[in-house]
């Protein structure tokens, strides 16, 4: 149970782990006209990982809540991969998986610091999809050093490639607290890079867009990028996380260069998007972030006392984040404003959060997200230079 | 096994229950032109419920058969909820679940009296969806008293809300046989109510419709309700079930008021739909309905003898139901007839059923449904004032 | 573990088997313009089979990768059936399942000789879908004799019927090596037949098409078959498999007659499609095909030595296949060529394959498929009379 819900045969020859999660959101937006207040299932998943003969594992997971637009619903494959783990310093993964870029994106969405990733790391203009298809090598050559390198379609979740070229990328990161043997501490730094093309598909359309952190308004949009030879997208990023006991500071910077060599519906360009965030988190009840750190990522937290029918109240965490999205290079080719919509190229957001971690498998989160736009944005005919969102999330997982 | 398929760790600290069901229908319709005779998968589901630390449970279930129109198929989340069950008199459920209204609708579709719910309680004009998203409190404050109260989107399964208002509702019910300590008997009465708006979404369209019980013709349709401020929908219902030994009588009445204050594509109106059904069931092999009753609902029946390779033949149940749908208030704004379609506002149906319950997990049902329409209905250019349907269903579940 | 991943209660009263599989393909095509090189998830599935009270079983399985066109994805029910297995010579299956026709099609896609079925047996013009809905009786009346007979919609996976007529069909097959008690040998012969109509649905469209074996170009297309009374489709086939120790020869011939009695968008016709394939496989590492044969089909292979961290290297298999598709009767009514597409009515393909079976649950396959067309085919404006495809597949299953 400590390692999740695992059935095994005692010999270590095979084991089956079943996984599931449900995240229920209540979201309240201002301006009211931009988006209806709603209960929403953010994620509902069920899947299994089967490990056999020590070195082999296969994982299948379905996302049952990726469509919030009607009764019929659609369900999508999230993870569908094969692992060969004989060599801890060079594990091989093939199939559909998360390519690891940066610090927040590889992290399980069960453990994120806030309800949603920052403007810098969320899916949108820079990262079109959480999952991709291909092959990855990853591992920990030294106890303090972690890396991965991958070749993927670059066309995103549940998508065959739409061009012959593939995306390549990688990340390496180190925890110097481990190297220097400093207890109760994380001194994490890392760098990531990838190159490829946008990989437009029918589903993704021929444009790039960005939404606010709270799943609210789409404030950035550039379209018509698909004609001719496509658009190259090269990304690099730096990351750090510094934790001592119950306090953690974390920050990432990412630069994405979009180069379009031939003019089509849109002129040729060589534009950058620069994004970054910094956040500070405090476990009021005193748990240590170092205990949750493993293989270059923060994971499941075990409260000192679970919320139970005796005296336990679980853990409490408070957090504050600033994030910045700057696509001002694209200002001149933004999707043109209409009577009902208008876009901008820069936004910044402050997020304040509180998290009640009742036990390792259950938590309730409260996030307030205040997003400011460089120039006013129009959605559903309502113009504003600011979006406020309140998100409450209840989450259980196994 | 008695309680289903449950894995636990012995300590009561965690358990996992896996659930699945397959219902295969063969349906035969008259008039032939209205609908092709077909084998159909009515429901095929797979999911799990994970309970941990006594008070917490999370359930995820996927419906694999909600689309019968082609090879690609779609799969939808049915249940995706979190339970906190510390207080039996006030359990809390958050996520996507069935809001409990009336007697038949909260019941598992594994145990319904007939293959489909009655004209009164089936999804259609009054109930647009089985599942909804929100929060519910429910429980049994006294052994004979059960209740629930909920706030939900009101926009149905797998749908975020399309308006800022939410639906609220509740139900309370009592079993006086339990209060009065009468053995082998159920004296159940209950009342439900809800208020909200229709909550039109893209998927649900801007109209209300009703089909016959046998999944046959759509005989009632009103469209164009979506303009301006939407339409309020307030519902109340009464229910009773009286069972003594192997005989059960059950009945529900529901009133739904639709009020539209502003004229749009459709004039303003204040219309009612009144529906009711009554049915009588008899377990020929002598099992008792009281044994299947719990928390305001009838559940799984255990035959006295399972169907086995010795002398067991399982249980046999016979049933008869009358149901009535009266939306005559809407008569003047029914969707206009065309050469191929025409609708009506009133229908009644007789259903005769036989059920062979081979064991607690397997059953075969035979239903004959004779539906009469107030005025003739036209479907696929064929006009008739009556639909006859024969449905055979084979069902296993775990 | 030898029989897969099974949980049971010791008494034989119930057991649950969980199943999953992931197949990752990398596909490279020539001409380049016909299809982008891509990583693709060919199959990702998760499901369970619950057996209870000895004679009853219910199976639900979801296919998570049947849509490769974008982030939202769709998931489809594959198996959703009920089994009653009291009589081994007449087991009954009801629901959505594979109707058994021929030798390759009933086989699990985990064990196929090549990455894809041959031009003769693959889904396309003759077999519109792997799965169908209905009822089947099957079994082994004698140890060397196997049969099945079915009634199904004939309209394919996840589809209700679109006509009142049903498809009926069956197959019987024998292994004379078993009858004559010849060890280490399979002398399999069989015959199949079915009759019904094409059963057009909205999803399947009103035409028949065929793709190359490597999931590449669609080279055959006839449209407009849906008007008036539909088109009858009657099929028969012969099959044989002769294996001695590590060598296996296998072949099937299928004739499909399409008869259209009334002219519509397309004139009336009475046309045949004739297809066949023959293949030769050699287990270089010496395992015996007879060990994998059971109930008229070849199944899971256990290498003499698994690939492990000692001296085991798994099994190696080499194979060669020729397959032929002849729909020349349809030549005059092929879909008319355009500037971007042109079709043909005959094709043949050579496939060379190598398979590294690391252990019973993991394998890597390499297939080279060279398809020649009778007349040049045009796809995406590029004309060629030949398609070359290289497919690498990694597969784990449980």
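A, B and C are the chain letters, set down in written order, and residue numbers restart from 1 in every chain.
The rule we apply is simple: a contact is a pair of C-beta atoms (placed from the backbone, for glycine too) under 8 Å apart; a residue touches a chain by one contact, two chains touch by 3 or more.
In this text the structure is predicted, and so the values were computed from the model without any measurement.
Enquirer: Can you work out the rotation angle that lays chain B over chain C using Cα coordinates, in steps of 5 degrees?
Expert: 120
Enquirer: Chain B and chain A are one sequence twice: same or different residues at the contact, by the over-half rule?
Expert: Under half shared, hence different.
Enquirer: Could you put a whole-Å number on the gap between the CA centroids of chain A and chain B?
Expert: Centres of chain A and chain B (C-alpha means) sit 38 Å apart.
Enquirer: Of all residues in chain C, which are in touch with two or more distinct other chains?
Expert: 7, 46, 62, 67, 74-75, in rising order.
Enquirer: Once bound in the complex, which stretches of chain C touch chain B?
Expert: Counting only chain C, the residues touching chain B are 7, 9, 13-14, 16, 46-48, 50, 52-62, 66-67, 74-77, 80-82, 86, 94-96, 129, 133-135, 152-153, 156-164, 166, 201-204.
Enquirer: Enumerate the contact residues on chain A facing chain B in the complex.
Expert: Residues 1, 5, 7, 18, 20-22, 24, 32, 36-41, 44-46, 62, 64-65, 67-75, 306, 308-309, 358-359, 361-362, 394-398.
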